[in-house]
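Across the two complexes that follow, subunit A remains constant while its partner is subunit B and subsequently subunit C.
For the complex of A and B:
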């Protein structure tokens, strides 16, 4: 944490950028929201709660003059590559400081464990020291990690200008990210339909999933564009409403970096990332392993043609399974 | 609101027998914007078109829906009629109530219901139609023929004779194709070389023809009238300008153990070789996999012997880019190697050969100088069994479903030629049916039976096996209803023909459609048999389906006429149904450019002003002359900035809504 702040100070002093995009303490002591700092780094914070993906915020930041220093966790760096590839951010206008990550903590899980009235949280190794109105509590952080971190893509940064080396040992047991998708695949079509109807019916259309997604970076989303005729449709009935998420999954197919932000920010806890992971799994099976955002040049398999590509009849063949 | 007229065609009884056309017209009358609806026996006839034109004028129609056959059939007809009555042709929509409705339904009630729904969808679409104006593009006056067999040669000659430039791309070192390997040709028994080789010389010498031999098409871009094609010229390792074709190099090559493809592997050639004596161009080629010099830099004998100093081991493959107005596919066929048919023992018994192999064994210029010798021991076969329909006309996955068409005739030919040379040979032919339609064809076959006494046995062969130096053929005789076994010296399999494997990738490059057997499909099976559905792409010869030489040559000429008709035009009207970018919502993400097969999308930095934002950003721009309206960009664009004129997202959604309502 202090290493990160010191490095930011040093880089700003050296003039690599005139401001920094990082995490800032929000309304509650455990809130970490994106923030831009110039000279005063008061409130800049990087710790177990700095979960949000900053890559998308670079779109607006790079429209401004000057260069911005940005802190990047490994999983967020894929989003930067995606946005560079799609010409949404100018590489020249950012300076990327890669910061190490040993998974982030989900405040909701802390609350769910029965800890209420949180005043402050401090970290000591794997121990979270939680100061509450009811007194001091302790919790092993490994028990309250964000879901997205439990199956993340590892500690590799795919793009950076400077890196703060990781000195922590990875001591977290990871799960296979496709496990949940396979469970869904094993269901009968009726069960699966019922599952998604039930999950998606919780949606309140707050648009948080869309607004946070680095692949959902349209200047004007089709759901906000009256010309498309789609915006009004999605309000027509509850089934059309569900289609919002299905269409969104199609729009980000082949581009989703699997950063997991959609599910993390969902106030209704809908496992939206599973829709995207299903697409990732299909793409990997049909076109070979592909990780969106691995680099900033490779054209994705869905917008590229080779003679070895799956023929359209896979739809028929797969549909029979 | 548009003023829409709806015209329901009976198509004689094609539609009217299954669809209540009056009910469709009646239902259309109640739709929003419809001011006139009627039905008529043949809308495409002159009087039908007059009804359309009169109604446009009388009711001041701004949009027209014709409920009739597929738009592939008569969309152009009705657009033209509407235009002559002063309506923009793109204000006409077709509801296909024939192919997609009356022809596939039996029940009048459901067919009528569906026809009404299709009409409603077209009415909903035409509400959103906008008048479109077609631009023009120039025609490049040069044709490309892919494949240099008899089909390609004939097409190229005919185009060249009409005064247009034409290039032939042939992947083998010489033109000539399969016909060059044949001995005599049915039904007149002229020698194939005698009638083909003069044509090969003619085409090579023609001032309008350029031959790229040992070359392949690797990329095709563009559209009718303006294709840009990349041709990969494989290295021959011979300087074509210096080589005199003397052949001295081929004699000195020490690597003389390479199977000779031209003679179906029955004899050997060197690593440097000329495919056959009449090859065009008559230039040697070095087989890079066999040449010692190219493999490990040791040898160089051919280079030392060549007085013209034409050997060039450093030659590299070369990519040539050329523009064409029309492309003719003449990629031909191969005879399948019947390796998967173990019952015929082709894999195990050397004396079981395919008919193309037999052609070489009979040919005076072949490996045996025309003396019939069986491959195992060089003895003359006294009893020969011919088996027809090997791999053709089957219904299992290892067989082709189609009839290979040429086998009945060439088998009769083989039988007679063999008998001519060696009258004491016993010849048996197993057949399922004998198919000999064609001028002088049945007479030809009957001659084999009646004059030559060839033993035709109706029935299939179950097993071929070796026993005591004989090839035993066990089959059924359906006429006598018994199982028979013939002790033969040699067995000839009339194995199926199939399209050349290069056709598949070429079809993709040309976006030309193919059937399940990888034969190219024609634009219309009866009325447009030499055109591919892809504009500017034409078909010649076996690539379109099995056919014999007379048919191939006729089709080659027909394809040439179509090409000439196209090249004779100076300009072509473009399709105005092209993509357009709504730059105010474009993200500039390049996904549309990635999927565009025509390279029609470019990007510009442009100032965008909307009520929300004013900024300079990267946005897509469509080159309307290059765009072919395929729509790939519109479905790729996440923000729906790309839209296709004439098929806008809104129009399609309106159709879907009308269908689902």
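For the complex of A and C:
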């Protein structure tokens, strides 16, 4: 995306910031690693594989001197608002360049389609031309988009200083993000329990979901704190497998921006976003529509109290349904 | 060499599991692992690397070491039965076979880790040669031959047959116990052809040209102090994915847990990427993520070889390459520090 690189150069030359947080090319044609560039923009890349959410990196970046220019996808911009609201980053120290997004491609899905030994990937419209050691392959990019993109909340950036407008046509079919949650709700409690057990029993407690999450920004997570008595590096039994995720889901309730990173990074393909979306759905129903990170000021529904709030007995009533 | 028609693999698996437990690569619910075979399991021999490696069978992610119970003034200490039932692991790739050798060096040298030893002794390992390596594979740079895997028995899936060759006494014994499922392979040219073909493919893989000379020829402190680490670690989230999927990562933590009825002393995998790794009374010796990140690669590429006759403790399986959420990996580290050809 030459447009993006040119804009970054221009902004740096104008002195809006002294460095830029963006994506860097890596070993493979699909590796896009979060990275900071100063004068040399070599390797800076924004394309179909720039899926990582950069917002959380701003916590460390804004601890440094100077100002950082950051490239933001629409979904990542919610994380920025959340982090500003929670006083985790200093708005003054960032300059946000909003970049358009036409959905990201999931390399795992490419590989799951049976394509191995990838040497090079070229994009022509919706066609991915993939050169492999086993020959030339082609795929329709729409078949291998990241799950998070299939149900993304739109192409609007909720915070930015400058924007590069979208000039591409969107032709991606979206699914309703609550569809899968509703499927789970339709199950019997036993079925639902079995579903979550089969998923969570795969968890290896690598903490990737937690560490990538812009809402998980505690300086020391309770699960890492040896003084709490609940610190754990592995799941010894099913109770611990469930507990880690239940606690995490509760802790990010009302704060999860639904950026989809947790599920994207899970090495075991656990659909963690379904837990968080269930919370989002419940919150919307009980307190009215709320989107975490929509802005950096509105108090979240779970962090203040009104007389109209749902009574705790909704839990019992729900449980009986 | 023996062989058996590839559509009769189930017969082989059932023959093995008549006598011993059999573990092999299984596809389950969007993931893959070495799991116990039964007629219902969905075996997948096409997948090169399971998410978690066979390491789990010898060195489980969490393992009880002993239990203490106090009654009055009497304390009883129970240790688990260390007589592990004999089992067979089938479908282990050359890189993973080598990773078990790496673990052996750690756990079987004095003082011997008896928990590991009992499982290791009980296991017969049947390897499977690779027929379609992936771009993340770089076993060759560690001198591993993906077409000629070591282990107790080596096997090849070629031209609709499974070719079977016992390599050790354990392997001979297993073969003897199930020999009725095999026929003699008079013609093994399919295996030879596959070997040649795969070797040619490996040469073309993007990581196969990585060079380890920098790590062999430079002073430990120079590598440690290289400025490159500053940039390399930058994106690292400090999760434990790379360490937990790695077949050779061997660090563990030991803790006591109060069950309310007594104390369980257990160990579980630890990760040098974590903030409380090697935490001690005086604090954590590696206070920044840069230091933790550096530790993982220094261990694999410098410290381990220094203590183990030059053997690296990475086997090039590519698991960390594929699973790092931000796509950092050891290959990038090797190249960036000086492993360019």
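FYI, the second predicted complex is superposed on the first by the 316 of 321 C-alpha atoms of A that agree within 3 Å, B and C clash if a C-alpha of one lies under 4 Å from a C-alpha of the other, contacts with A are read in each partner's own complex, and residues count from 1 in each chain.
To be clear about the criterion, a contact is a pair of C-beta atoms (placed from the backbone, for glycine too) under 8 Å apart; a residue touches a chain by one contact, two chains touch by 3 or more.
Everything numeric in this text was worked out from a predicted model, so none of it was measured.
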item: Clash-or-fit label for the pair subunit B, subunit C on subunit A; value: fit
item: Partner chain(s) touched by A:222 [first = subunit B, second = subunit C, both, neither]; value: first
item: First (subunit B), second (subunit C), both or neither touched by A:34; value: second
item: Touched partner set for A:268, first subunit B, second subunit C, both or neither; value: second
item: More subunit A residues in contact - subunit B or subunit C; value: C
item: Inter-centroid angle subunit B-subunit A-subunit C after superposition on A [Cα, multiple of 10°]; value: 120
item: First, second, both or neither for A:251, with subunit B first and subunit C second; value: first
item: Partner chain(s) touched by A:211 [first = subunit B, second = subunit C, both, neither]; value: second
item: First, second, both or neither for A:100, with subunit B first and subunit C second; value: neither
item: Subunit C versus subunit B - closest C-alpha approach in the superposed model, Å; value: 5
item: On subunit A, positions contacted by subunit B and by subunit C; value: 220
item: Contact set on subunit B toward subunit A in their complex; value: 505, 508, 582, 584-591, 594-595, 603, 613, 615, 617-618, 636, 638-640, 649-650, 653
item: Contact footprint of subunit A on subunit C as seen in their complex; value: 28-31, 51-52, 61-62, 132-136, 201, 204-207, 231, 234-235, 237-241, 244-245, 253, 257, 266, 268-271, 274-276, 279, 321, 323, 325-329, 331-332, 335
item: Complex interface listing, subunit A residues touching subunit B; value: 63, 85-88, 217-222, 225, 227-230, 251-252, 299, 303-305, 307
item: Subunit C-touching residues of subunit A, taken from the complex the two chains share; value: 24, 26-28, 31-36, 52, 57, 111, 116-119, 132-134, 198-199, 202, 204-208, 210-212, 220, 224, 226, 231-236, 261, 264-265, 267-269
